[in-house]
Structure formats: C-alpha cells, structure tokens
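Chains here go by letter, A, B, C and D, matching the order in which they are written, and residues are numbered from 1 within each.
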Amino acid sequence: MTKLMTMKDAVARFVRDADLVVMEGFTHLIPFAAGHEIIRQRRRDLTLARLTPDLIYDQLIAAGCVRKMIFSWAGNPGVGPLHAFRRAVEQGRPHPLEIEEYTHFGMVLRFMAGASDLPFLPTRNYPGTDLTRVNPAFKKVRSPYSDEELWCVPALRPDVTIVHAQRADTDGNTQIWGLYGVQKEAAFASRRVIVSVEEVVEPSVIRSDPNRTLIPGVIVSAVVHEPFGAHPSFVQGAYDRDNDFYVKWDAISRDEATFKTYLDDWVYGLDDRAAYTGKMGARRGELQADRQMCAPVNYGF
Amino acid sequence: MTKLMTMKDAVARFVRDADLVVMEGFTHLIPFAAGHEIIRQRRRDLTLARLTPDLIYDQLIAAGCVRKMIFSWAGNPGVGPLHAFRRAVEQGRPHPLEIEEYTHFGMVLRFMAGASDLPFLPTRNYPGTDLTRVNPAFKKVRSPYSDEELWCVPALRPDVTIVHAQRADTDGNTQIWGLYGVQKEAAFASRRVIVSVEEVVEPSVIRSDPNRTLIPGVIVSAVVHEPFGAHPSFVQGAYDRDNDFYVKWDAISRDEATFKTYLDDWVYGLDDRAAYTGKMGARRGELQADRQMCAPVNYGF
Amino acid sequence: MTDYTTSELMVSRAAKELKNGDVVFVGIGVPSLAVNLAHRMHAPGLCMIYESGAVGCVPKRLPISIGDPCLVTGSLAVVPMLDVFNLYLQRGLIDVGFLGGAQVDRFGNINSTVIGDYGKPKVRLPGSGGACEIAALAKKVVITIANSKRTLPERVDFVTSPGYLRGGRERESLGLKGGPELVITDMGVYRFDRDSREMVLASLHPGFTVQTIKENTGWDVKVAENLTTTPPPTADETRIIREELDPQGVFLRSKAG
Amino acid sequence: MTDYTTSELMVSRAAKELKNGDVVFVGIGVPSLAVNLAHRMHAPGLCMIYESGAVGCVPKRLPISIGDPCLVTGSLAVVPMLDVFNLYLQRGLIDVGFLGGAQVDRFGNINSTVIGDYGKPKVRLPGSGGACEIAALAKKVVITIANSKRTLPERVDFVTSPGYLRGGRERESLGLKGGPELVITDMGVYRFDRDSREMVLASLHPGFTVQTIKENTGWDVKVAENLTTTPPPTADETRIIREELDPQGVFLRSKAG
C-alpha cells in the first residue's frame, strides 16, 4: 500500500500539538517544506529537537509553535545568531522558550540510544564542561571493567521525525547521498517518520543500489513528493544552498514585523510547496546543481 | 606516500607472533589470501577474533598458528561443522585451543566499543543465556536513568585487522559494497590495518563516490593488490562464492592427512596469490559475476 | 490426497505463522522456504531481513548461506551488522524470528553451543551466532527442530537462546519480552501454556499419534485438549516449493519422508 | 615588507602548527583558511575532516558553512556524524582541532554558550556544537580569538569547552588528554605553561607591544622570557590566501587591518 500523500495530509495525520518533533539534516536536506506546513497548520506547544536549529526552527519559534527546544548549536550557519531563538530565550517573546542543551556528540548519542532502544549511551566527553552542571540529564556510569567513570546521555525518542531526501519509493525506502548527518538515527528513534523527497522513484531504482538506502520503508509513515522541499538549504546533486536567503534571514528575523511579513508572503499566503517554488521563479534555475555523476558499481554475482 | 605492497611484505611487517588478529567479512569478502600468507609465514600463538571463523580460521587452526579464538559462530556456513576447530576444542589437536565466546551482536558491540575508544557498550540482550555464566567478560551495568540493569561487553582492540575489499587507492581509502559485515568497526578498533583489494584505483574513482568509502586511508597501514583474494568466499560484483570448495572442505578437514595435502598443494607449495589463482585455472571464469550496475547518482552542487 | 514430504508440511505450517506486513528475521533452510512461501501465497508485503544485513531481499536463487550474494542483488537495503542488531532487532522491529538448534527443551530454551559440559564438550556445536539476540529481542520466535528424545530433552545442556527458562514468569522477570510461540517438528506442532510456559502438543502431523510423540520427546509432554491435525500443504504450496523455491531439492527433497 | 592583514597573519601562523600527515578537525573561517594554506604550502598529506562528516575534502570554492556541498564533492569519504564523533574524534584520530569562541580564559577554557548567567543570559550564544568534544578529545587544540578584555577574561562565564580548567593537573585528573596548545589572537600568540597551565604570551605580532597586550587582556598576563615576534606571512602565503583560498574576501578582506 502506498504511503504517498501530500505534506498537508502527512502533517495533519502525523504531527500533533505537544509532540516531540525532530526535523533533521545537518546543513544539508533540511525539511523546510514540512516546517512551513507545520506553521500553516498552527501546531502548538511542540518540543523541537535538532542538533542545529537553523532557520527552520527559528521560523517555528517566531511563529509561536514551540514550547521547548532540545539542541546543541543554535545559530545561522556562516551568518550569525538566530534572532527569534534569542528573543525567546533572552526576552520571552513571543513566549518563553524552555531549552535543554547538549553538544553535537551528545545529541547524536541520544538519537542512537533511542534508535537502539537503549536507556543511554556513554562517552568519554564532558569532564570539565559546565553543560553537565546546568543540564541534569547528563549522568555518570561506572565502567564494570575498570574504575573509570563515563558521562552518559539519555535516549531521545521523538514522536515524529521528518527528513528530506533525494529519493524514495512509495513504500518509504529512502536513499540519501552527500552529508548523512543523523537522519538515520533520528528516524529509527521515532514512533512516526515522514519522508519528503525530491523524487519518487520506482522500487527498481532503490533496489539497483541497496547500500544507499538510509531509511527503510518499514519505519516510514508517509512519503511526500516535494521538489525543492529543502530550500533554502541544499540537496546534493539537486540544488545549492540559497545563501542569499540565509543572509537575508538575519534582517528579516531581527524584527517581529518583518518576520510577520515574511510569514504572510511565504507561508500563510501560500497553499503548499508547489506555490512556494512557483513564487521562487528564476531563483530555482540559479541554484540548480551541476552534474557530477559517481562511478557506478556492479551488484551482480 | 603509497602504502601499496605485496601480501608477503604486509604480513611480514604488520602481523606478529602472539598478535590479536582479526580477518573480518561476514560470508562476503573473507581475506583468504592474507590467511594463506600468515600460514606460509608460520605465525604462531595468534589469538584470532571474528564473528564467523569460517574455513579461513579452520585452516589457520589446523596449520598450528592459533592459540586462542574469540568468536560467535563456528561453522562451515550452509555445509556443516568446522572439523579442525572441533578437533582442537574436543581433542586438543594439533594443540589445545582456548576459546572466548560471544554472540554476533556481542562481537559487533565489542568491535564498536574498541573503535570508539569506549571501555564497553551495553545491550538489552543476554538475560537468561548461559553464555554470561561461562564467559566472565560479560558484566552488568545499572542504567543511571532507571533501575534497569543491562549486560555489557568489553571493547576489543585487535593488534591488526585484515579486510578484503572491492577497491582502494594506494593511500588505503577503501570502498566496499554489498554486505558490510563489521569490517569498518573492526578496522577502526585496530592498531594496524591491512587492506587487500580486487582493484587498486586512482583517488579520482574513490572521490567520485565518497559515501562508499568504508575505511579511510588514515587508519590503513598497507594496501595489497590481490585479485581473487577472497576465494573461495565471494566479492559482490566480482565473483560468486565457490560453494563446491566449501563442500569439499568438509571432507578435506575431517582428516589431518588430507588437510596436510591441501596445505602443501595450495599454500606452502605456492609462492603467493598469483600462483593460487593460476592454479585455479578455468574455475575463475566459472565464478565470474554477472554485470548488474547500480543507477549512478549526482554529487554535483 | 496430495503427495508431500514432512519437510514440505513443516514449511507450509511455518508459512502460516507469517502475516502480511510482518518483518521477519530469516535463517537458511526451512525458515527461508517458509518465508518465501508466505511471501508468494498470502503475505506479499512481508519484509525479509537476514542477519548479514540484507533487507527486503528478492533472491533469484535459493540462498546457500545467510551471506549469499543473491540476497544483496535487488534488495531494498543492505546495512552494517551493527544496524541489524541495534536498529532493527533491539529497536523492536522484528515481528518474527525463526530459530533452530541441536536441542530445544520443555520451556523452549534452545541449545546450539555444546552437547555435554561446556568446558569439556562431547560435541562442540557452532554456537549462538545471532540466535541468542533473536530469542531475546524478536517479538515472537518460531522454532523448527526434529522430534526425538535427543533433540527435545527436558532440559537443554546449555541455554544458548533463552525461551521461558524454567517456565512461569521467569522470562518476564528478567526484562525479556516476546518468547517462543510455536515449535514445529517433523511430527507435530507445539504451543506454550500461558501460565506454566511449558510446551504443549497442539497438533499432530497426519499419520502421527500421541503415542509416537511421547516416545520421541524427552519428558512426559502434555497434550492440548483441542488437539488438531496439522493441515497438509495444498497442491499449490507444494508446487511453489518444488518448482519455484527449491527446484534442485537442496533443502527438502533429500529429506523427503 | 610584504603588505598583509592581521587576519592573514593569523592564518599563516595557524598553518604553521600543522604537520604533513596531520588529521585536522576544521571549522569555517580562519581555521579553514589555515588548513588549506598548510595543505598547499608544506603539508600535502594533511587530511581535513569537517564535523559534518566530510573527510579529505578538496573544496572547489571557499566553504560558507561546515555543511557546504563543496566539501562533499570530490572528498575521500563522507560519513555519518555518529562516525565522526565515535570513530574519528573519540577514537583519537584527530591530531589538531581548531576552536574559537566568545571568551577564552587564563587556562584556555572556552565559552560559546552564554554571556552572564545561564538561566538568565545577557547574551545567548549558539552553544557548543561539536566544540566541547573537540576540546576534550582531540590530541591538541589551537584557538583563534580577538584580543580584548571582553574576549579574554580571567575566568569565562561558562565553560563550554574545557581547557585546563583551574590549571595545574585538573584536566589530567579528570581523565582528559590533549588540551589547548596555542592561542592565536589579532595581537599575539600564547602558549600554556607546563606546570601552571596558564596562558603565557609567546610572541607579539609586528607592531604590537606587551603594553597593548596587557591593556587588552582580562588578567595580568605573563610574558615568556624568550618573547619573539610572530613571523609575518610570506608573499607566497598572502598570494595563495588572496588568489586561491578567499578570492572574494569573504572571511578576510572585510577584516583587513
């Protein structure tokens, strides 16, 4: 049975108020289309988790969807701070934002523990940092093989994880290349998984290169066909990062009024991602990736 | 500086008497050429670790190279028992074999812990099994997040890991497709790594598809060009498993005399793998893989 | 009546345990045939996973081992073994795991390690492989084994893969979920009593009697009140097994009963 | 004398810390330029790793962020972040990690989390990212930061990434190896005293005095007996930086001193 549906349906069915939601993608493949749909459907009281909140979580915070954020680096990568995030933390606007803070390694281990149904995972990191002082979720375990004490982080088990990928079949068997980030671990840690893709392909395409399948259909709830669904972030082999927008976001997000205009123009004022990409106009062509194909390999026997 | 050398040189330089040696490959890509060279160079008192000892460790045991074996499944896959292994365990011939026994999951976690420089990793497995009773290396840890107790396995840190792969460049950047097994984890866990490959390629081939690189050159000590180096096991996209040999091994290994003849004919009597593949004759052609290429992907931006 | 072998009956019976959409951890031999039969008969959405890391396999030939290259070509995913065990098995994605062994006891514990004492074994067997974790972490386990006093002792020499241990709530008390659901032998099918967790004869294969079962089981095995006869494979099933799944009779014809 | 900016001097000085064959954890900006400069000058065998998972990168343009697609195309390997942290960093493969931050203190502790109190911050900064684990697990750390009383306080408001903590043997006693080796500012270069683990001024950039340093550092900073002058970048180095590494002046020209 196909899991193909619109983003509207996928968010309506699988993202609920007060959910713990993860939209992953380390700089690469950030699921902006899904984030905009969540704003459009006015979800509230979400807990968002993600290594690098990036613009997408800044937009969700500014739009009033978020109660709490779990993260390890909150900035506009290569540009500066996240202003909506800072306003929420420093001034409690539009409302106070609870935060729970780790490091990248810690977040990765939290996802991996959740994906492995383990209560925790240990690391040699964290002696001496003040993070363990302000976040009581860091705890110590003594190695049964020595007297060493190691810091641990607890498993993270999201209600729903949303990822964007290059391609999937309608069962949700999903292939990603380029930067992997923590998408696989986050997806396996979750109760529900939404995958949006640049291209929906026949199973034969997936089956021609099974080592590239990062997320198997057995854990996927919904597949959404969403070309340019990661803009303004990038998709290896499809389009480059729209760095101009990352720079512009700095100005847009400094002020609640300019943010509201952005939201009206690019989210509330549009029905769906197709309308968004239509509005992008010629910019799409400018971001189009060059062609640099890999050397294919033989799976015969 | 190139790391390309002959198997003779690689084994002479990087495999020492009494070393803890790992030759990995789950059914796929078993480094038989390296195993034969170790027998030829008459290494002694080795501790061998591997999930599935397979014929290669059976041969090393029968040849008198092995003092101890760390493993999780000792059989001739699809055929029957490993007779040399059984003789050593049950009758102490050619000499007694110490064993340390886990399960596949346990061995994988031991390699992953070693590869991550952690003293141990936990799992939900092992309540109720007698394995934890006969192997004191299994220990328990209490989760600091609950009252749950979990079993742990200790890190495994081999002196040398040897893997066979489809291709590498002369720096040791190694690509594998098809079954991955635990080669990556074993290699990262080791002090030294020897890679033998079907094909030595230009760095540009590796760089055309960086997601396929399983083992980076930074951890590799030696690269050996060894076509058919995994025979009688298989290499996806190159040659099929020589199942006739796996069946024949059952008869060869039942008797110390027939084993000695095999060893004289196929190991001691040959200078190197080139001589072995020469002796294989037409069998090589019969095992040649069909061509079934993957759909290439675009790495451009 | 259709002509069939006992092995074909076992394959057919095991196949019935699989539902469409199940994620199944497959071994070589009877399990592989059973899963492939179910896939062709009533469970087209079934997902086969082999411990070698191949997911959603469509093997073009009967796999000789769980690492056969035919399991890779055309599969949906091939993943590292670390992922097989952490992300699929321990994560709780496996609905059914198939296991065999040298001995299975009254409470469904399986021995595939040694006959006799561990330190001085009479027979050294291959060991656990992935069996222990499948027994501990799959939602449900189906066991296939020959029916004899040797293979079905009251207590296994060594618990490689935990069943219900000494019965009752012992398995649960150790934090394990799941457990063996069914034991299929060449003579009958056993289920486990809900309270005592003891193996109980649930159905007899055609031609076998309770008397034969009792003579070939290592303890005084209980018989279900509603003892039934195992349904023999249909003509369709035997045709698929013989013509499509194992045309060369690698696994089944040699054992024809 | 060659014309150069302070940033170019910092890049040139940082590049000198890298040996051929080093495995280097690279960040964006000065670190990226330094590593690429070393790669072109004296360390062709250097291996660049970005925390995004790209290994052995040969970026065709100056990467805008650590996840820039140009780091992927043509690299030797692209690996999951789990591997970056477990198998490269924690495993001990990283020879040199570059770090920056909002504050660095007398013992090389770095703050990139908050200015003020954590619960009620005056300024909320981005947070650790991968910095804490680089500081804890790389064999050696090189820090680049501006030289002012604000950025170099006696004690950071928050230890995001551990240096030598309160000095002496505290870092070692907690089981941490490595530690900061060098702090490169826009005024000078500091090393750490072997015993006290305190930052000590080791060289002055041309044109700066000990007096200026003291006026722009948050504690009474010690000066090495053999205080030297930081060698300015060679003409070759500035040419490579300007023409090849940052031709559009994204990182350096705007800060030209």
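Simple rule for what comes next: a contact is a pair of C-beta atoms (placed from the backbone, for glycine too) under 8 Å apart; a residue touches a chain by one contact, two chains touch by 3 or more.
This one's a predicted model, so the numbers in the text were calculated from it and none came from an experiment.
Touching chain C and chain D together: A, B.
Shared contact partners of chain B and chain C are A. Rounded to a whole number, the gap between the C-alpha centres of chain B and chain D is 40 angstrom.
The distance from the centre of chain A to the centre of chain D, with each centre set as the mean of the Cα atoms, comes to 29 Å.
The distance from the centre of chain A to the centre of chain B, with each centre set as the mean of the Cα atoms, comes to 37 Å.
Residues of chain D in contact with at least two other chains: 54, 69, 72-73, 78-79, 90. Across the assembly, chain A contributes residues 112, 117-118, 123-124, 148, 177-178, 180, 184, 208, 211, 234, 236, 240, 289, 292, 299-301 that each touch 2 or more other chains. Chain pairs that touch one another: A-B, A-C, A-D, B-C, B-D. Within the complex formed with chain C, the residues of chain A that make contact are 1, 112, 115-118, 173, 184, 188, 203, 206-208, 210-211, 213, 216-219, 299-301. Across the interface of their complex, chain B is touched by residues 28, 51-54, 64-69, 72-73, 78-82, 85, 89-90, 109, 113, 118-119, 121-133, 136-137, 158-162, 165, 170-171, 174-176 of chain C. Those residues of chain A whose C-beta lies close enough to touch chain D in the complex are 26-28, 51-52, 71-75, 77-78, 81-82, 85-86, 89-90, 101-105, 108-109, 112, 123-131, 134, 148, 177-182, 184-185, 234, 236, 240-241, 243, 289, 292. By the touch criterion stated above, chain D contacts chain B in their complex at residues 23, 45, 47, 54-56, 58, 69-70, 72-79, 86-87, 90-93.
Of all residues in chain B, only 117-124, 139-146, 148, 150, 152, 154, 166, 175, 177-178, 180, 205, 208-209, 211-212, 234, 236-238, 240, 289-301 touch chain A in the complex they form.
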